[in-house]
Amino acid sequence: MGMIGGGIDAFIGAVHRKAASMDGEIELVCGAFSSSPAKSQASGEALGIPPDRVYGSYTEMIQKEKKLPAGKRMDFVSIVTPNHVHFDPAKQALESGFHVVLDKPMTLTLEEAIDLSRVVKKTKGILALTHTYTGYPMIKEARNLVASGSLGAIRKVYAEYTQGWLSTPLERTGQKQAGWRTDPKRSGAGGATGDIGTHAANLAEYVTGLRITSLCAQLNKVVKGRKLDDDASMLLAFDKQATGVLVATQVAAGEENNLTLRVYGERGGLEWHQEEPNTLVVKWLDRPREYHRTGTGYLSTAAKSVTRTPSGHPEGYLEAFANIYANFAKAVRANKPGKNPGKEFDFPTVEEGIRGMAFIEAAVLSSREKQKWIPIPKS
Amino acid sequence: MGMIGGGIDAFIGAVHRKAASMDGEIELVCGAFSSSPAKSQASGEALGIPPDRVYGSYTEMIQKEKKLPAGKRMDFVSIVTPNHVHFDPAKQALESGFHVVLDKPMTLTLEEAIDLSRVVKKTKGILALTHTYTGYPMIKEARNLVASGSLGAIRKVYAEYTQGWLSTPLERTGQKQAGWRTDPKRSGAGGATGDIGTHAANLAEYVTGLRITSLCAQLNKVVKGRKLDDDASMLLAFDKQATGVLVATQVAAGEENNLTLRVYGERGGLEWHQEEPNTLVVKWLDRPREYHRTGTGYLSTAAKSVTRTPSGHPEGYLEAFANIYANFAKAVRANKPGKNPGKEFDFPTVEEGIRGMAFIEAAVLSSREKQKWIPIPKS
Amino acid sequence: MGMIGGGIDAFIGAVHRKAASMDGEIELVCGAFSSSPAKSQASGEALGIPPDRVYGSYTEMIQKEKKLPAGKRMDFVSIVTPNHVHFDPAKQALESGFHVVLDKPMTLTLEEAIDLSRVVKKTKGILALTHTYTGYPMIKEARNLVASGSLGAIRKVYAEYTQGWLSTPLERTGQKQAGWRTDPKRSGAGGATGDIGTHAANLAEYVTGLRITSLCAQLNKVVKGRKLDDDASMLLAFDKQATGVLVATQVAAGEENNLTLRVYGERGGLEWHQEEPNTLVVKWLDRPREYHRTGTGYLSTAAKSVTRTPSGHPEGYLEAFANIYANFAKAVRANKPGKNPGKEFDFPTVEEGIRGMAFIEAAVLSSREKQKWIPIPKS
Amino acid sequence: MGMIGGGIDAFIGAVHRKAASMDGEIELVCGAFSSSPAKSQASGEALGIPPDRVYGSYTEMIQKEKKLPAGKRMDFVSIVTPNHVHFDPAKQALESGFHVVLDKPMTLTLEEAIDLSRVVKKTKGILALTHTYTGYPMIKEARNLVASGSLGAIRKVYAEYTQGWLSTPLERTGQKQAGWRTDPKRSGAGGATGDIGTHAANLAEYVTGLRITSLCAQLNKVVKGRKLDDDASMLLAFDKQATGVLVATQVAAGEENNLTLRVYGERGGLEWHQEEPNTLVVKWLDRPREYHRTGTGYLSTAAKSVTRTPSGHPEGYLEAFANIYANFAKAVRANKPGKNPGKEFDFPTVEEGIRGMAFIEAAVLSSREKQKWIPIPKS
């Protein structure tokens, strides 16, 4: 693995590294950790990367690694930069024969997303999008439960992602995370919608197997002076007559990282909270509700296969993240042209990336328009 | 107290009786328990009411009680019939000098609600509307916390009321509760919106002190063949720039009576679940979240004054309901013309009733229209 | 009902009155509310009792009520005084033909308890002991689950009752509740052991159907200067080879009224918390844990028959208390000599009272002795 | 790091490897993964260890690694075998100049534990004992809270560790974990007491800073035919007049890995559940209870310094385990003679190992004796 971005002072780079290396199957061998060559070298040194594998730019890394012998060069790049530096390095890497792990939202615009999907198709590269929350065992269980039909046809989907960390104008204090996330040039058209709304939408679609077909959104810039939404609410229409609500806000003071999904079918429902991720509540119309727990013997194979510890030994965010990498790594090892690796190996791909960008653009448009419902094209 | 409706086979009548009598201050002295005189007598007998105080119709009860001497006749009527039998008995009672306790939604239409408010004003009667959930101690605490300003200006309000009991066409089995609630002639224009959506909207306004100014609603008839919505979702705009979401559904299979309110201000938020009503979660931007509990010494006077047991001895739905009656009874005893008893004695009145009916009508209209936002008039 | 004790400034008297009257079947008709005749009259007046039915002493009340005609005199007395005023009024009442509701622990000593049981037997009176917590619907459900055998033979029983209100020497501030509870002359040999330990022990035996056969206790006087234990822990042996632990403390600072019961059998277990009493957690060896909830359709008849509101409308402490009175009232109405009304009508009687006193005496003895295990005689 | 035991079919070996490598600072370089050389080689190959660094026995590994040049040889061994193979490899490693990470309980007997402590002292080696649960951020927070004095003097300590996995005679099915844990030759004198009771005792002492001075235990062999206890309950006396209760059972059917600690002082208490480890409940005598959460800004430095993700991104068991390794690694890097690395770098050492073995022996003795209290010597 080679890393683009993720210098030692960045949060998400370290998370990617821990997640990638968790199962001892992926090794960080090179990196272009910063757009400043000096900073990149300093990060590489701290990470124990040989100086000749630390690069001053991603273009340099991709070009030089490409020339290394097969057993030595990196197998894929992990791109952990702000959104405006997603498309170009991903495209370069794919076109040079490298697979790609990419943070979400996939690109700066829907147009870039569609372009990138063409690159993936053409190069037959494998691209994983880190919609981390789909990596949790109990989300696999939830998806499996819906697919099994035991809840009946799905009628309602409530997806919420509430945080409080942008309740104040944090970006004006120089905080880096807040800085780029509230800047349309680096984040794209969506603020909270792009940063966390896409996670909620993706999770809803992943678990239910349904697709959002149209939405009616209210996006707000609650903290004065913000250029991007820090708060979003929307009504959703899904295919197969399901409907729902999606909330994504970063100004819910006192909330941490409260991603919650609730789904109701004809005969029962389910509820999952990311902050206590090892429990899936399953509710039934006419019998006691059940608490399904990570690591237990009664779970589906889907849930069991992404679990590392016995029941009662809680798994967390890093393990969920590691599951994205692990499934991606399996696809890379099994690499055969013509497959749809995301479906086969169960990780989010460029397809989910396009849906995320379409979701952002529809939400932003809806919030501006008087028209009630804005469709999201099928991708 | 005289009761209109609430025969022995009705659910809500018994709840009203237990609630009214809880503190030993209100006594049931007469009733017109059914539109069938025979059933009314049977109910009266079961309840230990002397036969001469059991009436065959509410008109008869009001007329005859009026003629009894002051110390003997009922002081007020409690109307616990389906919505289409709210307006007329309430009007007759008020015009005959009796105060009124009325179940929600207040009337069949907004027009009736406005008419009834005129009757209240003219007769100087006292009318209490049983928005039960405002009677909980921790809701008083929540309202007090918001009013104190410690959360800062309110930004977001999420009110949800999810039930599952109408997930199947229960009304076709002859179940009485389901029967009238799904019948527009007896319920009015709103199904779930009227039955439970009004509770959620009222609770949101009560706790925050804000008013919903417009809404954008999606109402669904999820179970095939229903004539009224059994599911509603809506985006809300409040005054003072707050926004929010309201969900009211009766097809969330596996939910019981899950009324949940979450409110976020600049510096913190609060969360309350009716099913565990003795805890109010208070969240802060930069310090640990707190669990405020019914019956403790640190609560506000507002919360303490409606509590009957020490902390850790849970209070429930009947006690909350009793608080509406207790505050109404205080107003009746203190009866002085020209006051606004609801504000002074803290119980919902005709004013909340009008807002509820306006809410229903706006939601129904919004769901039909392509226009995004429908205003709710200030009452 | 006539009340002994429970003047208007007493806590538990009001609880008894609300509980007794909840279902409209029991009416307070007379009282000896205080040992001071003036205070008794003042309380009677506040409660709307005619002055001629308010008495200056319980002896006076029992004697005078006895002479009233059958339809007019009280049917039973409710004794809500401190423990040292339990035995004598109960005995007098029973011997005068009145049934008795009595607060726990039943008497000051085991000897008194045994004497009282003889009086009950001789007079054929009905005595209910207010072990309130057995009145909760989910405790009925728990008992039913154990009895059904679905958990297998019971192996472990953990009963805990933790409170924090005596963490400081509150009794020195003049607080009445703390005053008599920490005074051996008024409370008897047990402090926390008697006040709340007996509840925990009773609940454990009620739910499991097992009997504590011996115990090994550590009783502490944590707050300096106390004459009675304010903290107790003990190992328990039950019949049928079950074992367990019982904790009863009033110095767990920050706890409210945390009575918790956990029971484990060969195939599963259950967990119940009094502070959230409408949920019974049922755990299984090899399938998901279940949350059984008050008011739902899938519960046992035992649980359903003591429920007043639909699921999701929480019931609380007063309703549990009312269930003791309601079952006692049924027994009184059905009064036939030679029955064991506690078993038939499901409420705690003099038998549970004796067990409670034996438990206290064994615990106090155990704490003093070097010998490890102290037996509790079968009653 | 060189590993002793932990072949590819063993559970805890993989946990150690993931934990050790989580922060990219520790690398597995060699191993004697099994007592069967062939199995050891197979495991080594699967783990990507060069064949010449995979050894057929721990003695061979220690001897051969010792001869490798300083930069190449392993720095320490991680011993993840059953208890009867703890003492000898640890002693050999220390005497050959290697530091040691050792699973708990430390040895087979107290005598071995004391011997091992002498070896540590003599060799100036560093030994870490993996009492994993002390690695959780909220346990650091709890310890810090007690030490700060804000709860006042500690009065009560309740430590519980309930599991259900040994509810049936699993060891007779050939399950390896159950096999050695129920075998006195491989486990030592304690069953549940040694396997999980030591964790609970260690956690109680770690958080409170108190020492258990004596205990009164009841140990049971609930499943017929077992030679070691599968269930334990005990009363505890601590120094500074605190008392408590410890429960450790593996036959609580339906429990997973429920380690719970509750501590009460004069002014407040705290509660922590391992299964939801990112929340520490802090209870106060006279103000609302607080929920302290991993990753938040208001925590102590002690808690913050062992956290890898922002608040709301749950950390789990592997991360807690990694914290033991990380602190051990810091001590190894800072290695200076004459220090007490466990205290300085905050990880469990041979001292905790001795206490654990003394705890087991006292519990086993207590359970056999009629004498009520058995002292635990100060180590």
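For clarity, chains are labelled A, B, C and D in written order, and residue numbers in each chain start from 1.
As a convention for this text, a contact is a pair of C-beta atoms (placed from the backbone, for glycine too) under 8 Å apart; a residue touches a chain by one contact, two chains touch by 3 or more.
None of the values given here were measured: they were computed from a predicted structure.
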item	value
Common touching chains of chain C and chain B	A, D
Pair sharing more residue contacts (C-beta pairs) when A-D is set against A-C	A-D
Inter-copy rotation, chain C to chain D, in degrees (Cα atoms; steps of 5)	180
Centroid-based (C-alpha) most distant chain relative to chain B	D
Length of the line joining the C-alpha centres of chain C and chain D, rounded to whole Å	43
Separation of chain A from chain C, taking each centre as the mean of its C-alpha atoms, in whole Å	55
Centre-of-Cα separation between chain D and chain A, whole angstrom	35
Chain A: positions in contact with at least two other chains	255, 282, 289, 293, 296
Touch list for chain B against partner chain A, complex	151-152, 155-156, 158, 164, 167-168, 216, 218, 220, 222, 231, 233-235, 243-245, 247, 249, 251-255, 262, 264-269, 282-285, 289, 369-372
Complex interface listing, chain C residues touching chain A	282, 286-293, 296-298
For the chain A and chain D complex, residues of the former touching the latter	11, 14-15, 17-18, 21-24, 28, 47-48, 163, 255-258, 274-278, 293, 295-296, 308-319
